[in-house]
Amino acid sequence: MRPNRIRELFAAKTCATMGWIALNSTYSAELMGHAGFDTVVVDLQHGPLYLDAAVPLLQALSSTPAMPMARCSDNNFFEINKLLDAGAYGIICPLIDTPEDAARFVSACRYPPQGTRSFGPTRGILYGGADYAEHANDTILALGMIETAQGMANLKAICETPGLDGVFIGPADLSFALGVKPPPRWTESPLTEALDRIRDAAHAAGKMAGIFCGSTQMAIDMKKRGFDIVMNGMDALMLRATAEQNVKAVRTA
Amino acid sequence: MRPNRIRELFAAKTCATMGWIALNSTYSAELMGHAGFDTVVVDLQHGPLYLDAAVPLLQALSSTPAMPMARCSDNNFFEINKLLDAGAYGIICPLIDTPEDAARFVSACRYPPQGTRSFGPTRGILYGGADYAEHANDTILALGMIETAQGMANLKAICETPGLDGVFIGPADLSFALGVKPPPRWTESPLTEALDRIRDAAHAAGKMAGIFCGSTQMAIDMKKRGFDIVMNGMDALMLRATAEQNVKAVRTA
Amino acid sequence: MRPNRIRELFAAKTCATMGWIALNSTYSAELMGHAGFDTVVVDLQHGPLYLDAAVPLLQALSSTPAMPMARCSDNNFFEINKLLDAGAYGIICPLIDTPEDAARFVSACRYPPQGTRSFGPTRGILYGGADYAEHANDTILALGMIETAQGMANLKAICETPGLDGVFIGPADLSFALGVKPPPRWTESPLTEALDRIRDAAHAAGKMAGIFCGSTQMAIDMKKRGFDIVMNGMDALMLRATAEQNVKAVRTA
Amino acid sequence: MRPNRIRELFAAKTCATMGWIALNSTYSAELMGHAGFDTVVVDLQHGPLYLDAAVPLLQALSSTPAMPMARCSDNNFFEINKLLDAGAYGIICPLIDTPEDAARFVSACRYPPQGTRSFGPTRGILYGGADYAEHANDTILALGMIETAQGMANLKAICETPGLDGVFIGPADLSFALGVKPPPRWTESPLTEALDRIRDAAHAAGKMAGIFCGSTQMAIDMKKRGFDIVMNGMDALMLRATAEQNVKAVRTA
Amino acid sequence: MRPNRIRELFAAKTCATMGWIALNSTYSAELMGHAGFDTVVVDLQHGPLYLDAAVPLLQALSSTPAMPMARCSDNNFFEINKLLDAGAYGIICPLIDTPEDAARFVSACRYPPQGTRSFGPTRGILYGGADYAEHANDTILALGMIETAQGMANLKAICETPGLDGVFIGPADLSFALGVKPPPRWTESPLTEALDRIRDAAHAAGKMAGIFCGSTQMAIDMKKRGFDIVMNGMDALMLRATAEQNVKAVRTA
Amino acid sequence: MRPNRIRELFAAKTCATMGWIALNSTYSAELMGHAGFDTVVVDLQHGPLYLDAAVPLLQALSSTPAMPMARCSDNNFFEINKLLDAGAYGIICPLIDTPEDAARFVSACRYPPQGTRSFGPTRGILYGGADYAEHANDTILALGMIETAQGMANLKAICETPGLDGVFIGPADLSFALGVKPPPRWTESPLTEALDRIRDAAHAAGKMAGIFCGSTQMAIDMKKRGFDIVMNGMDALMLRATAEQNVKAVRTA
């Protein structure tokens, strides 16, 4: 089975770069996959796209060097199963607030006896290889999102959940949970302490810590602060920001 | 009928900014339409999309401040008719090499008696307004591309074609026509002289001169050199370039 | 943030007209949006379309005077979040049977601290404006459907749920709940009394009462009976009925 | 091979009713196919849809009693071939101005030796039956549009073209050709005489005469004037008109 | 209302053949529907397709002799409702582990008073006929999947659930449940005994027993062993296997 | 630039196997690409799909070992340009009847100065590599179809057209041209002699000879007769044939 790039980088203690897809365009997905990211995530939670759109996006990523991942919209057994069958090599799951949430999420990602994933890896086999069924449980990545007060309170137990590969931070929702409005101010209290706590809890359990960054500067800071995965390129944000800069540059010239 | 923004800017001797769509994503099209461009062009020639994809992209642009345009793939009567019916407020047509090409292109853009456009403005009426049929001939923009040696030889006659609103330059194909390979070097001979000649010929005939720019620097230069329309934001190029920069910034940090 | 047209009409004590989309066609959606309705609802419950189809339909509505809304298929946190992120300016939610159902629905529609909506308003910002995050909680409309015996029993408590903007009636399912088969006979007992009770309960709580009408006559009656929102144009029903009339008229001529 | 309903009706001297599809919705196409029309036409010329959209629309019509037809966008060999392969049981071709145009159109509709249609009837066989190849030349309907001054001048020769099954009138473009602007006034000179001339020329050659009608009243009139096929139900027009009436009825109640 | 072919065959004690769709292609769906199967199932659980893709597939099947069915991804009220509204004439539901699961599944398939299905049979009426609402409860097929240890333990009670029409076996997940890895060895213990037990329990309750077969040989065996429905043609598996054979045959020639 | 597999096999005097796509399904395209074919062709001529469908199919093939090709629907400059820009590594063009047809086809496939292809290789660069523009003229395959009497008469001159890489036979249309009806009988006169003549003419000019085979037996025969490329797997035909066999096997068991 094709190895999981993010596992390899974590084993090598190297920070992984992650791209993020909200645009429902297979050509755009290919461009993202060829841009150099170690992995690219198809976002079913906030991206204006769902399962029928996700399949061709995962296919488009499959022809690029970037490992295809998905963020599911919900800790939902059937949706996670479908994304894995469709060839996602890892799942980021929102709203992991308790160790029970984490265990349920992990179970959906693993075949019996480790979990309850149903058998039918249609595209998984195409991307992963003929021995997919044998190695999927050890290869597929499962990252749970810490983004509520409850999740913060259960941080240690969540990180220690067997089979969970790590945690991932959505700083906007985490800010809400900390009582401050987005956009997230990662260099100020209370967000900065929360990020440290989550990273430390993950590392204490031998797990990965990843984070969604709204800017390159934030991504660089997070890399330096020891995060294992930094999301530093969401397609829609990059496109709009660059387009606005270009217009302004010409207008004011 | 809703006025044509590019005509207004040309009348006001103000350089228009133009965006360019190669990504088949309606969300991406909206982002482009909200980025500040005066007009955004759906590219059917080199964009990996065709007529069935173009309709929702033109619809997406219709909810934004940017005027929707299209580049047809060919000087083809039916395709130009379909794009206008679908609500394009202007057409850029490739390979206008002779005044006959220009006249044929113009004819497809105008209802009788000025032209031969067939009647059935399905979305045109939705975007333009109930009096679309009455004013379309004076509103819709028709820009012909000068991109071959033959087009250069016929420059004056093309520009003087009645009903043609202006010319548009594709610097890569024009470079081929001048015997030099792309990418286009707009500051060097022979391209720089060709750009000047086309601009001057358009202006001498009272027509617009527009140009596709591969970089913001080129767009600023072209604005300063008197071009009336500068394309300074192709979605696919902006996305890939920005994504590559972001990855590199984090990798090397 | 762009104001919510239905809130404005309710404040002005003016009955709002509502269109309904079951056809998965962006062109059809535009036609509906331009037909004069105050709002048009994309129906994910009974329309043969789901989340991937809903996004371009909401985009198509965004270029028209009609305010885009959606009926979710279920009182499901993730689906409601996705529809709001995709630019729906209001949600109609089926099967609000208890005040707990209502509270859960409202929570999905509001950002913290009023609710638990997750942050990522991709298209919401494009339609609503740059200050979307600040005003969304006060702008987005949340209407719950009363359509079961349990819902009737809990009517008062449902209407008094903080944050719920009103109730909406699906007369076919409500008929089932009252022990009579569809099609709904709104002028006869027991349906007519039920409609009055729901309207009164909503108004007593200062909330809106809306209703799905299968005919223009019913819509006119409901307006006269004091309903604040009347759905009087479902695309599929209008198309089929008009087509059948046209055929018959010619056949029998 | 499944018989061609329009041929049967013509043989029985019975006026055929025709529906018209501009909406790219397979559900809408089914509704049209079940509404009672003898045939329903997918419009590739002015409908905001093209070949990739046409296939599922033809499939949707295949489950209904209405015979699937298409209007091509152009007298183009490849496009006509594709529509027939996709299961269209008849083609309406725009801009038949000369007998040469007619012959070229007919040739694209017939296998050798009668014509030059290329072999590969993918969906044709599914809709028509296993003996499609044997009977297609005698079954498929070919209707040419008379809509220019040149077409009027060549009327007799066009109608006499071997293999052409009839002519079809687009009154809006024909009005332009007669020097009057749309909308077409079918009860006034010069349009009314032109319609009579075309009908008579068709009948003199033993061919069908069909016409696109913008209203039921016009359709009834045309039936009475002896036309063999009347188009009396375009989806987009019916939907918008009915929706506007419904809104107005409630607003003014 | 159009009768349910599988019910008719079961009444006639004739084994029904079933095809299976994982390919998101309406043309492919038509080919499957014309291949001779008594019914063809659109698979939303493991097929790389979801609700927006399922609608046109069900439409494509509607023009063929095969009865359209669907496997839902989950025992989810809204999803089952949507599939039935979209014209599925039967549902196969995964993970029926308890009689409560079975009752919940049945309830979603039946209108009140037998169940809680919401009213709005958009495409159901087109496929089933105008009297759909009256007969749907007696016509639509509800098959529950037995695929876990818990399901095996509750076998009798599940089979006796009122309104459940039968059980269906996914041998791969059942193998996991029995502690053996897929691919399923149906001729060996413990799978062979489990299949017998399930079939006998279904028959004892007067219900159907169906099974997914990975090969024609298995399908023939299952027919001989008394199963009422055998799935013996999944599109993706058939296509890949045949393509590989063809390549190999030419390579080695 | 990624090498062209078919050129390599031809240089090594090894017969290439070719698959054929008529199904508009990206998952099916991937299955075809993984089945072992040296190349897989997306068929725009007779497949029920066109340019908007072809792009994701070419993307899907890009993740597999099979080289993506396309058959255009017509010897049309813009369509061929679009398919090459979309990443097709070779084009099969119908109806090459004269050396002028062949030259025009070749010109559309080559950048200046060898041809007139317009510059804008959007996906070509993603599949081929960053040096695509430099090597495309020597890498992209151009195969012309011999399928008419005129084509047979001009065989030698067509084969000698500079830049044409070979010829390809569609036996059904060629049969028509020889005065015999399809299905093609390749072992009988006059088809068998025609196949020999075409192969010999191609080889005499140092060019490839390829052929579409309706069965594996024909493909094996053609390989043995010295053809360089044999198409021995069209998805729609394989699927339907296998499905029918499976049904029959179970029915008759």
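The first chain written gets the first letter, and so on, giving A, B, C, D, E and F; residue counts start at 1 in each chain.
Following the convention adopted for this analysis, a contact is a pair of C-beta atoms (placed from the backbone, for glycine too) under 8 Å apart; a residue touches a chain by one contact, two chains touch by 3 or more.
No experiment lies behind these values; they were computed from the predicted model shown.
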item: Fewest hops from subunit A to subunit E - one hop per pair of touching chains; value: 1
item: Partner chains that subunit D and subunit E have in common; value: C, F
item: Repeat of the A-E interface, chosen from E-F, D-E or A-C (over half of contact pairs identical by residue number); value: A-C
item: Chain whose Cα centroid lies at the greatest distance from that of subunit C; value: F
item: For subunit B paired with subunit C, centre-to-centre distance based on mean C-alpha positions, whole Å; value: 41
item: Length of the line joining the C-alpha centres of subunit A and subunit D, rounded to whole Å; value: 52
item: Where subunit B touches two or more other chains at once, by residue number; value: 22, 24, 26-27, 31, 34, 48, 50-52, 55, 76, 122-123, 236
item: Chain-level touch network, classified as line, ring, star, complete or other; value: other
item: Pairs of chains satisfying the touch condition; value: A-B, A-C, A-E, A-F, B-C, B-D, B-F, C-D, C-E, D-E, D-F, E-F
item: Touching residues on subunit C, where the partner in the complex is subunit D; value: 15, 17, 19, 22-28, 31-32, 34-37, 48, 216, 219-220, 223-224, 230, 232-233, 235-236, 238-251, 253
item: Contact footprint of subunit B on subunit C as seen in their complex; value: 26-27, 30-31, 34, 55-56, 59-60, 62-63, 122-123, 126-127
item: Residues of subunit C that touch subunit E when the two form their complex; value: 22, 24, 45-53, 73-74, 76, 94-95, 147, 170, 172-173, 176-177, 179, 181-182, 236
item: Of subunit E, residues touching subunit C in the complex; value: 50-52, 55, 76-79, 81-82, 85-86, 111-113, 118-120, 122-123, 133
